[in-house]
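Quick one: this structure, given as structure tokens, is what I'll be asking you about.
Per-chain residue numbering starts at 1, and chain names A, B and C are given in the order in which the chains are listed.
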Amino acid sequence: MLFSITSAHSMALLFRRLKVATCSLAAILLIGWQPFAFAEKSRLTITGSSTVAPLTLEIAKLYEKTHAGTRIDVQTGGSSRGINDARNGLADIGMVSRALKPTEKDLNGFTIALDGIGMIVHNSNPVTALTDAQIKDIYLGKITNWQSVGGPDLAITVVNKAEGRSTLELFLKHFGVRNSQIKPSVVIGDNQQGIKTVSGVKGAIGYVSIGTAEYEEKRGTPIKRLTMQGHEASAANVANGQYPLSRTLNLVTKGAPSKQAQHFITFAQSDAVKHLIEKQFFVAP
Amino acid sequence: MAKASTRSNRTDTYLSRILGAMGLLCALLLVLVVFFLLKEAWPVVQSGGWLRFFHAQGWYPLEQLFGMLPMIWASIAMALGAILLALPIGVASALFLLFYAPPSVAKIYRLLLNLLAGIPSVVFGLWGLTELVPIIATWHAPGTSLLAAILVLTLMIIPTVALTSVAALSAVPKELHAGAQALGLTRKTRIMSVIIPAAKAGIISGALLATARALGETMAVLMVAGNVVQTPSSLFDPVRALTANIALEMAYAMSDHRASLFAAGLLLTLIVWGLALIASRIVKSNGKVLAYAK
Amino acid sequence: MPSRSASNIRLADQCFSVLIMACAAFVTITLIWVLGDIVIKGASHITWSFITSEPSDAGRSGGIGTILVSTLLILCVALGAAIPIGLGVAVWLSEFTVQHSRFSNTVGTTLDVLAGIPSIVYGLFGNAFFSLYLGLGFSILSGGLTLACMILPIFIRTCESGLSAVNNDWRKGAQALGMSRSAAIWHVLLPAAAPAIIAGLILGIGRATAETAALIFTSGYVDRMPGSLLDSGRALAVHIYDLSMNVTGGDNAAYASAFVLITLIILLNTTAQSLIDRWFSQRIYAS
């Protein structure tokens, strides 16, 4: 009985603490709510292509510095999501790493940079160039060993992109194949994941944004860009229009952009961000 | 006094009503979940019917092909492989805990199992990606494969199997132990022919719950399985599970593609419910209740 | 002949013992492998500045300060929603409904079903309902509320079992003192069941902290300091996923974050376990 009393007492104490904890939790929540009333007006949400996102993020940081009181949230999710979110209002601005399609007339596109899609392999791979036919055969599973294209006796690990990425769509269109014909060994999501996969597997081949690849190569990631149709996969060749597989990087809005979105887009297209575009190995339009 | 009691009665009635409303809210949550999954999945169901998910040749949303069968097989292969490995190991762990380990060791071992149960799936994925996959890659590049997924899932569900088995085994009546001992049976025979059969229902329902967990697991599988949509034909094949498919493509999906992902979610939920239902039937018909073994 | 079969039996018995020990050893060794891996690769990167500073260069350098803040905010939202509703429903199920009445049975079954739904499906639901339908967007609020739905069932069940385990004498005693039911619940029953409630809470927190799949499409990826609950915030588990999958050279930071996450969860779990143990031992004394 004595035990039961003391235990009841300590329980009551414990419970009182629980009540205090609940109250403080509620207080924290209230405080959390407070700023949202003020923050609401000066916030831009930008979602979409994982190729455009790193660039937009840098631009946004600069924009925030020069425009006090603004907050720009950049979320990665692929071009389709950029389109989708801009359409249904989840985002103020969408990021799309391709030209807009005829079915996307309801959106306004603003080109902020040019980019290409490059083939990448592990940098220990002696192969430096592949013809379009060879690339096609590798992706269709007709060539399965690097020996067949002048490389070492090493099985080819084909890295393909998951559906919904515009990089995949442009790649398919360029080589005139359907995704159902491709025999991949790994399917990846974002550009960065493609680079991470290729840098980790000696026999891997993949295709990613040239800008992302050049950026990663410069920081020491063990990957190598392949020459395509005799043109080196570089920002320079994208700029002079010689690289065969290039594309535009766009910001899109549903209908006419809001005043604030327009302000940001104008900034993103201005000369003030040129050095940022070059730093990401993209090409200013 | 009478007044006071009516007032308190009134508070009680109010409280009862408020709490009842909360209960209703909880019940409605399920309706809400199912409703929103259905609502989002509806466009694709309406345009092609449920069967298109099973008839289409593969999963190529760009070509308007939404066949989920390869991923369903992959999910089943993973869960089945994992439970086949985890069941013996888990039950053996439970036997070790109850009958073989000295009390102090048993206490530590139980702690270990709890620890294992608490490791987040993304951490298992990280470990699988950086430790397990490179090992498998030495046999068969690139290493991200059905096998990697099975091994990681096995580790994740061993605690579930073990802890439910412990509960089932310790519920076996003392008389049975004593009787078996009196017959002069060896420990192995006692366990295999008397105790395990007596605890069978609990062990099986625990295994079903673990299978359901393996089917519903997303992040670890996404990280180690390679994510190629194909019907698995060997352990080294890269495959994509239904759950991984949702996580991989949801952020990128639009219109019909997005709707099919919601349909996949619905399908997944149905499969998992089915398993949970069978598990609870088995337990109920054996008159032993195992709550929340997860 | 009989002696031979007897020795066979003994041999089989020994083999069986060895097998069981081997399984136990296997589980122990793998656990040490997984945890050891994370401790060895992760602990060396843990510094005070890692825990407090903002991630930079996609998480390769810098720390996880802002991510911890987002994680905590998501958790606060989840608990803020789950605790009152969960406690209410638990009290209602154990104190106000006739056991096995049709309505309470339905609610009970619903809870069981909800507990079984895979977390990725909660993610889908959260995206469709909180982010889109309620217009909360990718925000800490949508993520937290999604997690609340996810942890509600297990929290209710633990509280309910704690409440129904409270000795009936306490209820009778309260009644004899002329306390109303509401007063008895607030002053007697809930305090008596407090350890179970706290244990359920910690279980829920543990699961919510570990969650990734339900958060990717609800609270999003943004790794900056959230300015309000309507901002997107990246949870620690999502951060680990992103670092290990999408960031070249992000493995070290991923391991360090995993180390922090596991330490957090182990702390929570041991607290829950010790509370449950303490509660059970007190039950025995009290009755």
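Quick notes on this one:
Please note the rule applied: contacts are C-beta pairs under 8 Å (C-beta built on N, C-alpha and C of every residue); 3 or more make two chains touch, one makes a residue touch a chain.
Please read these numbers as outputs of a predicted model, since none were measured by experiment.
Set against the C-alpha centre of chain C, every other chain centre is closer than that of A.
If you compare A-C with B-C, the chain pair joined by more contacting C-beta pairs is B-C. Each chain gets a centre from the mean of its Cα atoms; for chain A and chain C, those two points are 31 Å apart. If you average the Cα atoms of chain B and of chain C, the two centres end up 16 Å apart.
Counting partner chains per residue, chain A shows two or more touched chains at residues 76, 189. Residue numbers of chain B whose C-beta contacts span two or more other chains: 251. The residues of chain C that reach two or more other chains are 245, listed in rising order. Chain C contributes residues 9-10, 12-13, 16-17, 19-21, 23-24, 26-28, 30-31, 33-35, 37-38, 85, 88-89, 91-93, 96-97, 103-104, 106-107, 110-125, 127-129, 133, 149, 152, 154, 156-158, 161, 178-183, 185, 206, 209-213, 216-217, 237-238, 240-241, 244-245, 251, 254-255, 258, 261-262, 265-266, 269, 273 to its touches with chain B in the complex.
Across the complex, chain B meets chain C through its residues 5, 8-9, 11-12, 15-16, 18-20, 22-27, 29-30, 32-33, 36-37, 39-40, 88-89, 92-93, 95-97, 100-101, 109, 111-116, 118-127, 129-131, 155, 158, 162, 186-189, 191-192, 212, 215-219, 223, 243, 246-247, 250-251, 261-262, 265, 268-269, 272-273, 276, 280, 291-292, 294.
The touching residues of chain A, counted against chain C in their complex, run 3-4, 7-8, 11-12, 14-15, 18, 22, 25-26, 28-29, 32-36, 39-40, 43, 45, 47, 54, 71, 73-76, 88, 90, 189-190, 192-193, 195-196, 199, 216, 219-221.
Chain B contributes residues 57-63, 65, 137, 141-144, 226-229, 238, 240, 248-249, 251-254, 257-258 to its touches with chain A in the complex. Residues 58, 73, 76-77, 79-80, 83, 131-132, 137-138, 140, 190-192, 194-195, 197-198, 220-222, 224, 227-232, 245-249, 282, 285-286 of chain C are the ones touching chain A in the complex.
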